[in-house]
Amino acid sequence: MKIELSGVFAPITTPFIDEALASDQLKKNMQVYKQTALSGYFALGSNGENKSLDDSEKMKILEVIVQEKEKKQLVMAGGGYESTIRTIAFCRKLADAGADLVSVLTPCYFKKAMTDEALIGYYTDVADALSIPVVVYNAPGFTGMEISPKALGTISQHPNIIGMKDSSPYKYSRYLEVCDTNFQLLSGSISALFPALTLGAVGGVAALANAFPRMCCQLFEKFKTGDLTEARRLHFMLSRMNNAVSGRFGVAGLKFALDVAGLYGGIPRRPLLPLKKEEIKLIREDIDASNILDLESNGI
Amino acid sequence: MKIELSGVFAPITTPFIDEALASDQLKKNMQVYKQTALSGYFALGSNGENKSLDDSEKMKILEVIVQEKEKKQLVMAGGGYESTIRTIAFCRKLADAGADLVSVLTPCYFKKAMTDEALIGYYTDVADALSIPVVVYNAPGFTGMEISPKALGTISQHPNIIGMKDSSPYKYSRYLEVCDTNFQLLSGSISALFPALTLGAVGGVAALANAFPRMCCQLFEKFKTGDLTEARRLHFMLSRMNNAVSGRFGVAGLKFALDVAGLYGGIPRRPLLPLKKEEIKLIREDIDASNILDLESNGI
Amino acid sequence: MKIELSGVFAPITTPFIDEALASDQLKKNMQVYKQTALSGYFALGSNGENKSLDDSEKMKILEVIVQEKEKKQLVMAGGGYESTIRTIAFCRKLADAGADLVSVLTPCYFKKAMTDEALIGYYTDVADALSIPVVVYNAPGFTGMEISPKALGTISQHPNIIGMKDSSPYKYSRYLEVCDTNFQLLSGSISALFPALTLGAVGGVAALANAFPRMCCQLFEKFKTGDLTEARRLHFMLSRMNNAVSGRFGVAGLKFALDVAGLYGGIPRRPLLPLKKEEIKLIREDIDASNILDLESNGI
Amino acid sequence: MKIELSGVFAPITTPFIDEALASDQLKKNMQVYKQTALSGYFALGSNGENKSLDDSEKMKILEVIVQEKEKKQLVMAGGGYESTIRTIAFCRKLADAGADLVSVLTPCYFKKAMTDEALIGYYTDVADALSIPVVVYNAPGFTGMEISPKALGTISQHPNIIGMKDSSPYKYSRYLEVCDTNFQLLSGSISALFPALTLGAVGGVAALANAFPRMCCQLFEKFKTGDLTEARRLHFMLSRMNNAVSGRFGVAGLKFALDVAGLYGGIPRRPLLPLKKEEIKLIREDIDASNILDLESNGI
């Protein structure tokens, strides 16, 4: 049975206290998320500070998310490493721990060597070796490279590769052009969700859904029910908020927005720096001006 | 006592057989290297496929290099991770295992957040926590970002940060401008070694020294003894060879050059692809045309 | 009275015979275009090889387009130079020759100096000096820089700057976010037209409309009448064609498509090269496979 | 007779008063320059605001420089346009007006189309058509593209293309590798002059030579007479000054340095902005700290 990715997924942030993983805070956040319309979770993604964690921390985080989620919600877990052998080994652990599917970032250290042929080989090897489905993770802002539409066209035909989380700012149209119609594209941010949906994407992973899950789900819902005017209004409102929070201040900004929203955000692991006072002031002003806290708590 | 980095260092490649670490092949290569004028080794660097290895493999490789090297040769080991906490933990293991110093790559996943302040904080935290010296590793071709001269100027004043391996293609002059005079700059490739030396660099890490260590050392020697004409001639010869091997074909090309030179190269870990027949032909032609094998075996 | 930019504009190509301007061929092309639903023309744009022409050639081209167009069709003319003084002087000539409005490319030679302040000053100076409205032209693929949303937010408030032709691949949402609601955004290619329209753009300038004006207008028409399914189908079909023609082969490819479509394309001015035989074969195959010629000639 | 490019060339700035060309100021500046060891002038270059001038202004500037220079000093004039036909036409005018040679910038508007084949065709066509020699002008900071070493290798064999002004920050070594030994490479800034000379460049075009011609010539002189230690000391001093002036503030910064040095600088043409008060303060501090004014006026 193919997994259906429709809707909004939250790329869960990782709570730390004094740089140590704070599982209890993660559990508390999950109690909020499970009551929303979120389709599921992206565990161990970029906003989860994947690269700042060791493997035992990663497994602990996945365990909490799998335990605490609503039954019908899906868990997609980040399993990419730089070599095929390491990626397969780690993704198998994720599958054993209850992930429904894995998101596999494009290897990027040897970026000049990541030709279409190398990437097709990589994703084929990984998908062949796993018992759970694979979602390609394209994130040029972090990796400094991107998968070509041509390579994706080939990769999308693999029976165990069911979709792509696309965090490139705009290539959804080019990617959708070349993929099998049953290949499921997820936009990688709330800012791209609405335009991607109008072109055929099935949903999105939205950092902002960590802080404002109901509003993000509302945008998706309005689109699905054909209320394009309201969906577009929400698009611009959430896109501005996303720029003000994640766009300007990355993980530290996002975590602060969780704090403001009554969830546990905390600060990121070093070398990421916590927000400065004046940055906090800027985000607070933007959040207040948007009225998003009221909208979110009132179920919109 | 400050460590003196003068001369040529080889960034040791990692031998694999069927994707498994082949320690015996590494030992054999070391028997050749220890008889040369190499000042030391860069263990677990980019050309060592650092990012494709797990921690136990990394420790095994370091162990072999430390055991097999000449006593006077230095071992610089690659210890960078994306978070401060992980980098410190791993660098301490490297120190315990006998590394003389560590090379710490700039964190790069959250590249937009790697401001001067974040990088200064990172290197300060790491250098404060370690008992062995730190060398900054700047490699924009792999990381998609670079350290600013201004940040380096500050970092270079830390008593436990003794130098930088600079694999940017050209910034040596800008970096040398801002550093303490006792800060030791190593060029990151044979192609930059000669011009960097003329400006005050102390030596270099040269991928090509894996295959042709004597020739690379010869370039350094000629420069030190004031024979600039011969040093320049070697510069152009080795730079062309470097472009033909590493520039065009990366780790796979470099490993093939080791095979041609009678060392053990083998193929890189996937997703890196082995050379194709026509690529092998191109490298062979360039190696043959250069007469470098004869020059190398005859001690030049 | 404000000018209404709604719909599709063709960025008219410049016919040459033996590198000399061929006005008669341009007149013949115009006879075809004036019978379509094109809202107007972008004279002297990038696809018109603006930078390859001297001023007298530019004026001759504008003269032909103004003379031959349908009365209700608008003529937007490219008037940007690198200095404010030159841009104003030339735009005044365009106004005198009958252009309805001017498109002014961001100066880009001193790209590092083109700060928000410099660009705001530039567009303000130019718009203040002209009797006809100004459209900002943002084309990072050609200029190697782009206007920031913040600068555009300020510029969009100038009463004589009525819109922007945005040839960035994707920033329409960010630009629309910051502009006055009556600022008119035109997408800069057929590939961005549909997603930009869903977000509030008023129309687009489409290179492909030089060869297939009816199909491009049809996409706009379907969107305006609410047939999103058909508009999206046309989007993917025309976007693929645009990639096959302009995306791969630039002006030379576009001009060849005109030849195939029964218009006069010819070859671009050197150093742009004419298509090679194998490139011609590739375009022909894509055009034949798409059935676009039949669709275009049958009024769709 | 081949022209010998050895030494330092000043890329003459263009004096304006109220945005109008101020020929008298240019004449006065020339009276200073002609008394120095400058090998010649680069008229109508980037720092001369070439792209901000119309053709009649360009011809006037060239006329003044040709008239006022010392007889033995060379005049290289910037003649590049975006199309072959325009470049040839304008370069012929430059030749007629007394330019000894022309510098021809890579066309860059259609950057994706500027393949090796297109650039080789362009430079061949231009050089074939002219009676005076051509120097390739490679300036990626302005053009957003660069000529490949491979293309330059071919171009360098043309009998009427005698050298390249290379304003890429570092590719001199790669370019020198592929060129005929009698091809003359000029570094494009004072910062690259010393390292380029050590590799075989013949001289350089240095923006800073507009303000401090004697010091720039001194660096060259020290290198030629084998005093590498002093040449290197001057390299770092002038390179820092270049970063402080042109690197930070471009043409406006350079022009202000002329004013400080007792020449006529003035302000650049809009949209380039004049320096702000705090920027002026920064440059003044750096100039004062360097003692360069005393050194320059005392003939060093």
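Note that the chains are named A, B, C and D in the order they appear, and that numbering of residues resets to 1 at the start of each chain.
Quick note on the criterion: contacts are C-beta pairs under 8 Å (C-beta built on N, C-alpha and C of every residue); 3 or more make two chains touch, one makes a residue touch a chain.
If you're wondering where the values come from, they're calculated on a predicted model, not measured in any experiment.
Visitor: Chain D and chain C are one sequence twice: same or different residues at the contact, by the over-half rule?
Guide: Interface between chain C and chain D is built from largely the same residues.
Visitor: State the chain with the largest centre-to-centre distance from chain C, centres being mean CA positions.
Guide: Centre of mass proxy via C-alpha means gives B as farthest from chain C.
Visitor: As a quick test, compute the distance in whole Å between the mean CA positions of chain B and chain C.
Guide: Computed from C-alpha means, the inter-chain centre distance equals 50 Å.
Visitor: Return the distance between the CA-based centres of chain B and chain D, expressed in whole Å.
Guide: Between these chains, centre-to-centre, one finds 36 Å.
Visitor: Give me the residues of chain B that touch two or more other chains.
Guide: Chain B, residues with two or more chain partners: not present.
Visitor: According to the definition already given, which pairs of chains are in contact?
Guide: A-B, A-C, B-D, C-D
Visitor: Per the contact definition, I'd like the list of chain B residues that touch chain A in the complex.
Guide: 19, 46, 49, 51-54, 81-86, 107-115, 117-119, 121-122, 125, 141-144, 250-252, 269-273
Visitor: Give every residue of chain D touching chain B within the complex, in rising order.
Guide: Going through chain D, the ones touching chain B are 169-171, 173-174, 176-177, 191, 194-195, 198-200, 228, 232, 235-236, 239-240, 243.
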